[in-house]
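Chain nomenclature is as follows: A, B, C and D, assigned in order of appearance, with residue numbering initiated at 1 for each chain independently.
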Amino acid sequence: MEITKEMAPKEIIARRVAKFLKDGDFVNLGIGLPTEVAKYIPSKIEVLFQSENGMVGLTGVDPNHIDPDLTNAGGQPCGAIPGASFFDSATSFALIRGGHVDYTVLGALEVDDHGNLANWIVPGKMVPGMGGAMDLVVGAKTVIVAMQHTQKGAHKILKECTLPYTALHVVDYIVTEECVLKQTRSGLVLMEINPNYTVQQVQADTGATLIVPKNGPMTMKL
Amino acid sequence: MEITKEMAPKEIIARRVAKFLKDGDFVNLGIGLPTEVAKYIPSKIEVLFQSENGMVGLTGVDPNHIDPDLTNAGGQPCGAIPGASFFDSATSFALIRGGHVDYTVLGALEVDDHGNLANWIVPGKMVPGMGGAMDLVVGAKTVIVAMQHTQKGAHKILKECTLPYTALHVVDYIVTEECVLKQTRSGLVLMEINPNYTVQQVQADTGATLIVPKNGPMTMKL
Amino acid sequence: MKNKIIEKTDIRPLLKDGMSIMIGGFLSVGSAETVIDQVVASGVKNLTIYCNDGGLGEKRNKETGELIAGPKGAGKLIASGQCTTLYATHIGLNPLIGKKMNTGEMKVVLIPQGSFAEMIRAGGSGLGGIITPTGVGVDIIEQAEHVYKKIKLGDKKKKTYLIEKPLHADLTIIKGAVVDKLGNVYFNKTTQNFSRVMAYASDVVVCEAQKIVERGEIDGNAIHVPGVLVDYIVKEEK
Amino acid sequence: MKNKIIEKTDIRPLLKDGMSIMIGGFLSVGSAETVIDQVVASGVKNLTIYCNDGGLGEKRNKETGELIAGPKGAGKLIASGQCTTLYATHIGLNPLIGKKMNTGEMKVVLIPQGSFAEMIRAGGSGLGGIITPTGVGVDIIEQAEHVYKKIKLGDKKKKTYLIEKPLHADLTIIKGAVVDKLGNVYFNKTTQNFSRVMAYASDVVVCEAQKIVERGEIDGNAIHVPGVLVDYIVKEEK
């Protein structure tokens, strides 16, 4: 699917993240934008979603069958697929920290080109707590940051995070409405670009120097 | 119940250990002599037995209903009380090491008057492995060594163990056919004595100097 | 065996000023509301609470200010002012906690959720602590009071870990969907969360029961908390 | 989703000389005999096995020498000579292991049972190791290769603990009483033992199933191993 100019940034991001996922993958989606990813999984594949409060097999809530004992990690009613399993918090994080989750998708306040992530302390605001984020990014096989490229024009992808870290050297991919970045030892590689942006525009919106592949980035498709 | 001269040493020991147990106690019995304790629990109280391979609610096997999926820690068929629960080895030892077991009763090759225990390496014989013993004695609230006072006349209760330790400073009581000893900071106190023995005889059969209470030991009853 | 089922008011003698209480539930899902109400009614003060999130705060209509729902779970003890120290992983859904932190009425210690679960499990399992990669490089965590030290472990490529403390409390309050008379607990769906590990990690465990059944009525393979851990059972009141 | 159910012989490509395998079961109770038979038939050599006890040896009539029963569980790989290193807690019920230790055919590492379970759990949970009081003061344990170091921890009265390594293997072989097509496993009674923690602690998990059912047929609250951990399902042959 081609990206259109009318498409909302959040939809571009959620659709592109969904493209990472393969049949049988085990995935944890953070609250907010990452949750949208579930909408765009092709029907021919099955992805299993984890909810860190203690389940595998999370799905959307059926508003006609709200079960107070069945909630997601935001405390909101959710659904469960046939074959969903439930467990306690220690087991939940054994799955997470033990490297059994294929992808964790979450938002960020800042990311830098060392794979460092800052997503839990908003300056000047009350600190809500890290919840499961620190364990999720340390433990998942692949960490995808899904966020809008800038915060009202201010850089969020930096040379060094300025906010307190969530974790060091954990981010594998950054997916924004402008591009897909891959973290490598040398820095952030501009793998794919939204055809409605130029490399120069993306670089201007980024606080770290991007590595552009010799033949240029691929066109971002959804 | 009075001890008779005809009573077998093992029966004396098992009956005396059974007297320690109160209604609702949670107990792990080692293989061999300690297993006999279960026979002598008064019917008016209920003691819950743990089996370290993963259950609470162990009971004797019904020979007409042998279930290959229901075995004790010796791999032998056993029974389960109504309300028995089953779990994995990590949970089993969370119960054990976490101090949730009220009593662990096990045999010993040697015990000394520092509460040290040696019960897993028989000199000159193949080492079978410690199984759950090291965790059981470290974790249980009260550790009772149940054994015959001497090994064919040789001392088993010593000033210092000579065999490799199972654990240090763990034994609370030693119950033999001759007496009940309580481990204190000052050493082993002769709490109770089988009326068929004199204090001198018990001391002669013991490699550590026993502390005899001012008014003498109590009479051991079953 | 002695009867573990007690009246809700019978928990009062277990409560003391300054005690520590673990409260199961995740954003109050699975919290023992009937028992927590008794803790509120008892008026005990200066409580240290271990709870994933400090429960939910009261909900009011944003325009009229009318009360829609009172606080839930541990949130009741925040609202009542009885909880003065809270160990949690997330407090964003109970804004009163942040306010009380700012005024100095409450001390809040934030711990990563996986570490929190594991520290409670360690406290209940007789382990000396946990060794986790979570929080390495995060100054606030590395310097926290619940961290013993930073350590390098491993054979070839030495990895850095934090050694964190085991957690243990005076009392644990959990809620089960089905509880038998031996105290065996079966949880439903996502109500299991922290309650299972908390049942191991305190001196006394009170379990609220949605339903109380005879021994043997719960599948022994599906018992989440063995009855030996549960001291008292209180029937849930709706 | 791709079908996880395979023929027993399909596990052959997973097997390699020198690999490490965790085998569930406690004195062979709960061991996956059909799958283990395939490991024997494959002839792979130089295996490192993690198993509570090394299974059972063959039973012979003491007088006539007649074979009553062949070896069981991991005992099959001891008898075949394929297992050259064994991590276990107890080997007293399989005397062949002791003999092979004496002749130098096998290396055996004995670990306290609670530590063994916890080290496997740590290996499967991304923890850097375990901190246990078990084995402190026991020279053989303190000096063992699986112990990183001795450490004092605690606030007031510093207690001594051992830091021991996490365990992880290439392959885990377990058996479930009921397994659904998503790979969710339900164990019966005391067959659960080490299988549950081992399912987390290796790269590939093969689960033998006494019974295979459709998704949703096992109570989701009673699933012992979430299907995401199970790569392949093999039907048990009786």
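Some observations on this one:
Just so we're on the same page, a contact is a pair of C-beta atoms (placed from the backbone, for glycine too) under 8 Å apart; a residue touches a chain by one contact, two chains touch by 3 or more.
The structure presented is a predicted model; accordingly, all values stated were derived computationally and were not measured.
Chains touching both chain A and chain C: D. Look at where the CA atoms of chain B average out and do the same for chain C: the two points lie 36 Å apart. Averaging C-alpha coordinates per chain places the centre of chain C 33 Å away from that of chain D. The distance from the centre of chain A to the centre of chain B, each centre being the mean of the chain's C-alpha atoms, comes to 56 Å.
Across the assembly, chain B contributes 55, 80, 86-87, 93, 96-97, 138-139 as residues in contact with two or more other chains. The multi-chain contact residues of chain D, meaning those touching 2 or more other chains, are 118, 121, 125-127, 132-133, 187-189, 192, 220-221, 224.
Shown are all chain pairs that touch, namely A-C, A-D, B-C, B-D, C-D.
Chain C makes touch with chain A in their complex at residues 26-30, 52-53, 56, 88-93, 95, 98, 101-102, 110, 112-118, 120-121, 132-141, 177, 187-197, 224. Remark: chain B residues 23-24, 26, 45-46, 48, 50, 55-57, 80-87, 93-100, 138-139 touch chain C in the complex.
Residues 118, 122, 125-133, 148, 151, 153-154, 159, 161, 163, 186-189, 192, 219-222, 224 of chain D touch chain C in their complex. Put simply, chain D touches chain A in their complex at residues 1-2, 121, 124-127, 180-182, 184, 200, 214-216, 218, 220-221, 223, 226-229.
Remark: chain A residues 51-55, 67-71, 73-75, 80, 86-90, 92-93, 96-97, 116, 126-135, 138-139, 164-168 touch chain C in the complex.
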